[in-house]
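Please go over the structures that come below.
The following pair of complexes shares a single chain, chain A, combined with chain B in the former and chain C in the latter.
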Partner chain A sequence: MKTDSKITIIPENQKVFYIVFFAAVAILYILSIFQLKLNLSGGLSNFLKAFEFMGKMLNMDFSEWKDVLYGALESISVAVLATIISAVLAFFVSFMAASNVSVNFLTWFWKGIAAGIRAVPTLIWTLIFVAYLGLGPFPGVLGLCFHSFAYLVKAFSQSIEEVKEGNIEALKATGATWLQIMARGVVPPTKTALISWTALRFEFNVAASSILGLVGAGGIGHELSRAMRSFEFEQAGFVVLVIFLMSFGIEMLFHKLKLNVDKRKLKRQ
Partner chain B sequence: MESLLSVKDVEKVYDNGTRALKGVSFELKEGEFAVIIGRSGAGKSTLLRCINRLISQSRGSIVFKGIKTEKASKNELRKIRREIGMIFQHYNLIDRLTVIQNVLHGRLGYMSNFHGIFDLYNRCDRRNALRILERVGMEKETLKRADQLSGGQKQRVGISRAMAQNPSLMLADEPIASLDPVSSGVVMDSLHNICKEDGISAIVSLHQVDFAIKYASRIIGIRDGLIVYDGDPKDLTESAIKEIYKKSPDDRMENKDENDEEKAIAV
Partner chain C sequence: MQFTYIPLKKEKSLYTWTGVFLVLFTAIITGYVTQFDIREAVIVLPGILDFILVDFLPPALKAVPDFMTSLLDTLCMAIISTTTGAVISMFFALLCATPTTPNSIVKLVIRGFASCLRNIPGLAWAIIFVPAFGIGKTVGLLALTLGSLGSMIRFFTETIEEVDPGGIEAVRSVGGSYWQVLKSGVLPQCFPGIISWALYNLELNIRASTIIGMVGGGGIGFFIQFNIKLFRYEYATMAIIAVAVLVLLTESISKKIRERIM
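== the complex of A and B ==
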């Protein structure tokens, strides 16, 4: 074996792929700058203005704290309701959408529906429901539900598809019915994944519910929208702080719960 | 002795055209402990899975206790399956559940959907599960999670699950292929003793000829989807073993065939 010759460790076609990929990203970046007619000097002055604006927001006004906290509670309630409803519906639908335990027709049908719903952002779904049902938190719940449902159907069905074929085969061989196989052979190994996906979606829903007020779906987003429209940036600063604490707090809470579960697992081992 | 199972001219052609079984026929009497031997890809797993219709044969007929499995209705098939216990090479236990929960899964075929879904086993089933675990020496591990057990222990739980079905026939698909020789002996002893004591017929596919000769009351040799030996273990000569394990022209397809078999057992 020659040791002095150059030893290639990346295939030639992979090198070409990397070059083409990064060149395409650079071209898209430059094209986007031209399309938006951005210029560096304008960008810099806007940047300074943003700092000035931030300064105003940091000088927070807590006078409307009751309304803001009520709005925060409303947003969390919207997220809780939307997550529970969508998770329960997605749980049942995902068995029909998972290719290893369902028939082709149902798999394609439910996966297609879920992909279609996911293609439309939460904000647009909420706007549609606000237009149809009027202002308030209910359209927000529905808007979040739709997107969460589609997201969870995809996540849950993928978790179900990862179940070992042997589990299903073993229960089938005992004479168990399809429902029994799902309950005793598929749910136990996927339980943790399903809970994790739901928790992740809840975190997302809390963050999303905060901005739904911007399109008329109530909650803390409504407070933010009101403060910004009336140029009360000091009040808006307080609302942003509450939104941050709300989202961060929930993320920390779930992180702590996850750590506790991991610790219990380690102890068991 | 009466015939429990009758397999007549069974052929299995997979969707990709692979002929895994090419006309297999045999009868199994009550209380027989038959061991199937043969090379990988010879059709052993396919044959076992055709018997309880985890996969359907392409041609031929399988009659279990007087019922043609290929013509069985959904309900009849459920009844057939619950009377046929099955043991798998990779144990196929639900890892996150306890040993006793896994054993009680053997009762699902006898339960209503509601009771099965919510784990509502009656006292008799629970007591019976404990008794079975005692028989295989696993009574101290009942509340351990399945993923905390060793390979040999897992397989004994697999045997217990099959036993909980109160089966007339036991199918075991390479039950000791993933085990060390000591654990293999323990598992085969458990399986053989239980079948002998309870008068359960068994069809066990094995790779180890020495184990086959030690435990079998009858040996069936399969090569390339055909039975090439069917007889008493005492008559299994060196030349008969060579005949069973002789390379077939399709050997280069061997690995491919195995993968196909695995794919074909999906729901």
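== the complex of A and C ==
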């Protein structure tokens, strides 16, 4: 062993990769700036204006509290209902979509549908439903359901696929039917994961439902866009506060209930 | 060896039924608030599918040149906001994470700041900025950057807090300064995690930047909403498909990079 050899902290081949990666990011960043042709000449005055408006927003006006709180209730209800419906539907479908307990044809079919729905953002689904059904919370619920369903089918079927082959094998050996295998071998070990995924999705749905109103699907988002459109910054400030409290409250609640799914799973998808 | 038969407990099924009942009860209450009628939903569903399949298909290929620029704008907005957000978040996360924080007050302030940013959706930020900056890309960029700051500060902080304390201790024990601890003890270990979170955030931002156009943030969202309002559904479909392709493409690229670094 040579005495002057260094123990590198980052392996040599990783180092090259990092350099290439960061260089690529820097080039993309500069190209993007050129592409957007950002015009920052009026930037400072606009920023000052933004701060002035935000200052006005901090000076909250509670006079419309009835409408705002009803909007918040409506938003939360939309989120809850969409989560319940989509979770129930996804629960049944995910058994068809999980490759270890289903047949190939069904797996491909449902996974394909889920991937297709998921690739289109929630708000665009809602926009389509609003175009068909008109304004109100009803298209909001359906739009949220659609996307949550696809998301949960993927998450649930992944959890089911993580069930140990031995569980299923053991039950099969005793002559259990498919339903019995599901009820005794597959559901119990995945139960916690399913609940956590649903909770995670609920958190997301609350955030989404609070902005659905911006495309005409009712709820507190509608109050926000109404207040901003008529330049009632003081009222908008109160609406933003309520949106923040809704989302913060649910984050805290789930933190207390320890329902927080390991969010790292998300990025492994 | 003894085999015991474990019967299903009675109380357990009681729990299950209470749960089912509670869920049903909530569903009914929320259904009342939102005037959601499940029968109506079942009735309109075929209509919706028909609407999607007949009115939105086939996608109009001739719309592609019209939205190519806005699609590219959307991608660029996502790249700029994620990168800017990641650099700023890294700075804040180092100030906020337990092993590297200068003191606990700074930590608390940054936590609160990140929580505020995180819990107000990006779209709401966009609406707030529109009156000051006017409709355009600046609004989209600012809203996306602020939104990503909130979540990235949190994720980066968690990543730094999970760094193996052994590495930090090793550098400290040979007399390393604060900067040397950062450089050799903390950063090399958390790079993979941080890049991975940033890529995840890029995916989120691409989705978000497509819809931020709907409230005046520039990009392809405006094109989609505009065409739906004009009943040119085939045009909107083409743009939606383009968005889906962009989303799937980013997902697969970032998956490749993640596999390479993890």
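Annotations for the structure displayed:
Everything that follows uses one rule, which is that the second predicted complex is superposed on the first by the 234 of 269 C-alpha atoms of A that agree within 3 Å, B and C clash if a C-alpha of one lies under 4 Å from a C-alpha of the other, contacts with A are read in each partner's own complex, and residues count from 1 in each chain.
Please note the rule applied: a contact is a pair of C-beta atoms (placed from the backbone, for glycine too) under 8 Å apart; a residue touches a chain by one contact, two chains touch by 3 or more.
Given the structure is predicted, the values throughout are model-derived calculations rather than measurements.
Contacts of A:Pro189 after superposition on the shared chain: chain B is touched, whereas chain C is not. By the touch criterion defined above, A:Thr177 lies against chain B but remains apart from chain C after alignment on the C-alpha atoms of chain A. When the two complexes are overlaid on their common chain A, residue A:Val93 makes contact with neither chain B nor chain C. Looking at the superposition, the partner that touches the larger set of chain A residues, chain B or chain C, turns out to be C. With both structures placed on the common chain, the touch criterion links A:Leu123 to chain C but leaves chain B unconnected. Once the two complexes are laid over each other on the shared chain, residue contacts for A:Ala155 go to neither chain B nor chain C. Residue contacts after overlaying the shared chain place A:Ala199 against neither chain B nor chain C. When the two complexes are overlaid on their common chain A, residue A:Gly166 makes contact with chain B while staying clear of chain C. After overlaying the two complexes on the shared chain, residue contacts for A:Phe53 are found with chain C alone; chain B is out of touch.
In the complex of the two chains, the chain B residues touching chain A come out as 52, 54, 78-82, 84-86, 88, 90-97, 105-111, 113, 116-119, 145, 148, 161, 165, 262, 265-267. The touching residues of chain C, when paired with chain A in their complex, are 23, 26-27, 29-31, 33-36, 40-41, 44, 47-48, 51-52, 56, 72-73, 75-77, 79-80, 83, 115-116, 119-121, 123-124, 127-134, 137-138, 141, 155, 184, 188, 191, 195-197, 199-200, 207-208, 210-211, 214-215, 224-225, 228, 233, 240, 243-245, 247-248, 257-258, 260-261. Within the complex formed with chain B, the chain A residues making contact are 100-101, 164-177, 179-181, 183-185, 188-189, 191, 268. Those residues of chain A whose C-beta lies close enough to touch chain C in the complex are 9-10, 14, 17-18, 21, 25, 28-29, 31-33, 35-36, 38, 43, 46-47, 49-50, 52-54, 57, 73-74, 76-78, 80-81, 84-85, 115-116, 119-121, 123-124, 127-129, 131-133, 136-138, 140-142, 207-208, 210-211, 214-215, 218, 221, 224-225, 228, 231, 233, 236, 240, 243-244, 247-248, 251, 263, 266-267.
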